[in-house]
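Down below are the structures I want you to see.
Two complexes come next, and they have one chain in common, chain A, joined by chain B in the first and chain C in the second.
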Partner chain A sequence: MALELRAISKRVGQITHVKETSLILEPGRFNVLLGETGSGKTSLIKLMAGLDRVASGTILMDGQDVTGVSPQKRNISLVHQFFVNYPHMTVFDNIASPLRVAGLAKSEIQGRVEAAADVLQLRPMLHRRPHELSGGQQQRTALARAIAKESTAVFLDEPLANLDYKLREELRDQLPELFAGRGAVVVYATSEPAEALMLGGRTALMQDGRVTQFGPTAEIYRRPNTLISARVFSDPPINSAPVTKTGDRVELGHGVGWQVTGAAAGLGDGAYTVAIRPNYISPVRSEASHVPMTGTVQITELSGSESTAHFRMGAETWVSLAPGVHPYRVGEDRVFYMDPAHCFYFAPDGALAA
Partner chain B sequence: MRKVNQKGWFFVLPVLALVAFNALVPMMTVVNYSVQETFGNNQFFWHGLGWFQDILRSERFHASLGRQALFTFMILVIEVPLGVIIALSMPRKGIWVPVCLVTMALPLLIPWNVIGAMWNIFTLPDIGLLGYLMNHVLGVNYNMTQDPVAAWITVIVMDVWHWTSLVVLLCYAGLVSIPDAYYQAAKIDGASNWSVFRYIQLPKMKQVLTIAVLLRFMDSFNVYTEPFVLTGGGPGNATTLLSIDLVKIALGQFDLGPAAAMSLIYFAITLFVSWLFYTLMTRNDTQ
Partner chain C sequence: MKKRAIIPILYIVFLMLPIYWLVAMSFKTTQEILGGFSLFPRVWTLASYKTIFTDPTWYWGYINSIIYVTMNTVISVTVALPAAYAFSRYRFLGDKQLFFWLLTNRMAPAAVFALPFFQLYSAIGLFDTHIAVALAHCLFNIPLAVWILEGFMRGVPKELDETAFVDGYSFPRFFVQVFLPTIKAGVGVAAFFCFMFSWVELLLAKTLTAVYAKPIAATMTRTASSAGYELGLLAAAGTLTIIPGAIVIWFVRNYIAKGFALGRV
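Coming up: the complex of A and B.
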């Protein structure tokens, strides 16, 4: 069972919401759609679920063309960012509703609902109504409905976005094992890079209605194929700046330059864009190879065990994210050390060069 | 121990003064009249609960109350479901939304006595558009100034024409506040249109529907201007609703005592039924 998208697209009037997209989503591990708000994640999910019609292309489930098939005939589930439950039904009836529509036997419904409720720790709440539940419980009810339905595809559209921090972490930890071994294709949309990394599986990066890269999550994090992909999959935002390569040296300007090693050494001379994640720029020099950059501190944030500093060097603002507490003063000039081994070099057309 | 801040009372005072001026004082005047008898010369005599007994035993009051109850019952039975149906069939997106909303709001913008006059002219057998059409084109004998049934139908149709929009607009507001996500969930579950209405739209509309029923009950139970301008309570007393009868007693016959007693009974009935409706319709929320 796999969900295959072949060159699907979606237009509303003159506006293209989803540009031609082809993906093969497999069961067994999470398929994460990662992109900013408005990048087309929800539009793509609606197309996959059959809630919207595609402008072109075909959707296959298990090799069967389901492009024009209505959502209720696709055996799918959708869990929203908002807590969508029938307001005047008990939790039990909410979980049971798709099973009743499908016409299952009473005993079968009872069994499935209770099994799903057990997995999601909803047993004691089965006879309550949604408005008597906490946000986390309401969202667990929506998840239980998806599990009890035994759908072949489950779409989770930022399901944790409206939960508070603690509940979000708790539920996020449970999610992968919740769907493990159920044979369903699970698609999970999120705007947080950290969430994609924690869920693992495969990730599709989305930008402007286009999937820019798709592959095992850790792999695409380590090797973004384009500058855009690197930007989508980085929080805080990845640093980037134009550099010039001559021989085995690259020059950033402002007297900052370094010797390239590894794959980057093989690049031809010319102009590139260098990108480096904020966690590879530190106020502390740990290796002799790290490149000093002097800038004026502009914004600082201290989040418990990590220190963030935005500093200005020439026309560009750089972000450093370092473990530990570093007392920055806004306005001071400070030296930061960048690890050149973790630089990405992108060609002028945006493709990864090294 | 918690310290109670008594300064809050100062903020309530202006409202209290306003309510006293526009509600309590006039009402106490009515209460005053209802327990007194006068023979002119501005001299009043204590009459106890005599007027209340008279009114409650009066056949004329029973008849008016009966007509009033029938009128309100029919108004609610017609306007509430009709309003819900119209609200459900209105578009929720697109350029037709403002067109529908303005069209719906039009009857509500017309002054009440104009509505009565409009419908009066509209239904005149010889020159009114509807009256002429019925009598001279369709050949149906329709004259609401002579036929009580025709008068009743006209009064009710006029009220439906005037006030269904209110129910529509309230229900529509309730409907558009339902997020798309609910409809999507229902679509994925394969729920029928009836299920969508029963389990999503109706529960989500319940609050506004309660308001709509309450408003329609109070307004139709206290209705005066439109039927009075349209029929004047006639033919005979056929469409003399409670308020029309009350005005006849108070200003026509100048029986201040009985009119005051009747006002208070009228008020008590309206208040009690409103409370009953509200309690019944919101009962499930607290369970």
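Coming up: the complex of A and C.
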């Protein structure tokens, strides 16, 4: 039971919305589509759901070609970013509607709706209409409809994006267990890297209608295959700058350089792009190996337990994200310490070198 | 009384005066109407109403009008629903131009179409039938209904359609069981305006009928008969003509407010 995409693409007129994409999405864990707004996540979901026609390629469900099959016959569910329910039906009828369309027996429908409503704490609201519910309850109704249907594939298109912070966390914690053990392929689109990391499973990084990397979430977070993947999967944005490697030393310019160790030591001499996540640049030196960088503080953000500083070194802006409260003054020159052990080195063509 | 209430009160009196005059006249005798000025009927009489409800040439006018107005409303809304759906959901070559062209049909005076319709319907044997008037009125009612319904449909997110298709609804089933209930206010408003415009239209209705499908408005404009002026009778007919419109407005009054909010009424 898997959803397989073989070189599917989508074009509207001259514009390519989804470039040739091949993926095998398996049931049992979350398949996260991570990318910025406009990166093609929704387009890809619409193709997988059969709501849009592919320009090329084939889609297989459970080994069967469903490329030309209408969404009605695919046994799938879809939850949108906006809370979409049938406004004239009660919550009960909303959850029951796909089952009624499928022609299930009354008792069966009753049981499934009640089970789904219990899981999503909708029991007391079953006789209300969607517009009488809060946003969180409306979205839970949409999720309940997806669960009660017991479909083979469930597409969640940024289902939490329009919820307020508290509800979002609550529902996010609940989501994986909601679909656990149901045997459905779950595809979850999001624009937040943190969400992808929390939901685990596998992640496909998307940029400009292309999947740049697909694999177990933690693995691709640790080893992005290209500079683009590294950028997509980093929030705040990953730092990057051109460097030159000569022998076992790397020079960044502005008098910043360090000794390379580990895999990077084996690289040939030449030009590379170095990338490092903001959380490996700190205003405090914790180890002797950390490389000092002096920059002018431009923007600072303090979020309770973390301090963010944007500082300028030459023409480049760097971001540091450090635990604890660090009093920065805008305009001051300050030394930050970068951990070279967590640097990614990318070849000039953007591929990961080490 | 507050000063600022005066202007609206004057305005309402100004609006209501002709209607009051009409109703008052309908209870007077023709002699009294012609005899001089009186605010209230000196002698109350229901004779005019009695004539209308007993004389087939009068009451058939109402029946004819109701028949073709109902036919027109049903045809207009039924035809406009799929058209409005297409305009609200799909982009196709010339969609905006087509939409605008539909609206321009409302701008032409009915007199322009009276002659071609008369000639055409006479030639194919539709002259003096209810369907002739109902079809002629579609000329301006379908564009209006498309315009109103498109506004309501545009307010329904496309994601609703997608959710329904994914949930297994076939298109016809989705349209009837999900989409129509969602835009029922729009259907109500569109039906109301079709009803109203068809009910008040006189020129085409009069031109395309002679005896069997003659509408009440045409009967009413016959100001003099062999018995001379029958002003009381005409006033009573006028009063009765207002009533169906008032009833329909009562049913759709809440929907109309919604239509205004969408900027489509």
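Annotations for the structure displayed:
Criterion: the second predicted complex is superposed on the first by the 354 of 354 C-alpha atoms of A that agree within 3 Å, B and C clash if a C-alpha of one lies under 4 Å from a C-alpha of the other, contacts with A are read in each partner's own complex, and residues count from 1 in each chain.
FYI, contacts are C-beta pairs under 8 Å (C-beta built on N, C-alpha and C of every residue); 3 or more make two chains touch, one makes a residue touch a chain.
Source: prediction; values computed, not measured.
With the C-alpha superposition on chain A as described, chain C and chain B clash in the combined arrangement. Looking at the shared chain after the overlay, A:Pro98 reaches both chain B and chain C.
After overlaying the two complexes on the shared chain, residue contacts for A:Val232 are found with neither chain B nor chain C. In the superposition on chain A, contact is made by A:Pro87 with both chain B and chain C.
By the document's definition of touching, neither partner reaches A:Ile281: not chain B, not chain C. Shared-chain residue A:Leu51: touches chain B and chain C both.
Using the contact criterion defined above for the overlaid structures, shared-chain residue A:Leu205 touches neither chain B nor chain C, since it reaches no partner. Common to the chain B-facing and chain C-facing surfaces of chain A are residues 46, 49, 51, 70-72, 76-78, 80, 82, 84, 86-88, 97-98, 101-102. For chain B in complex with chain A, the residues that touch the partner chain are 179, 181-182, 184-185, 187-191, 195, 199-200, 203-204, 284. Chain contact summary for the complex, chain C toward chain A: residues 157, 159-160, 162-170, 173, 178, 181-182, 184. Within the complex formed with chain B, the chain A residues making contact are 46, 49, 51, 70-73, 76-78, 80, 82, 84, 86-89, 97-98, 101-102.
Only residues 46, 49, 51, 70-72, 74, 76-78, 80, 82, 84, 86-88, 97-98, 101-102, 142, 145, 149 of chain A touch chain C when the two sit together in their complex.
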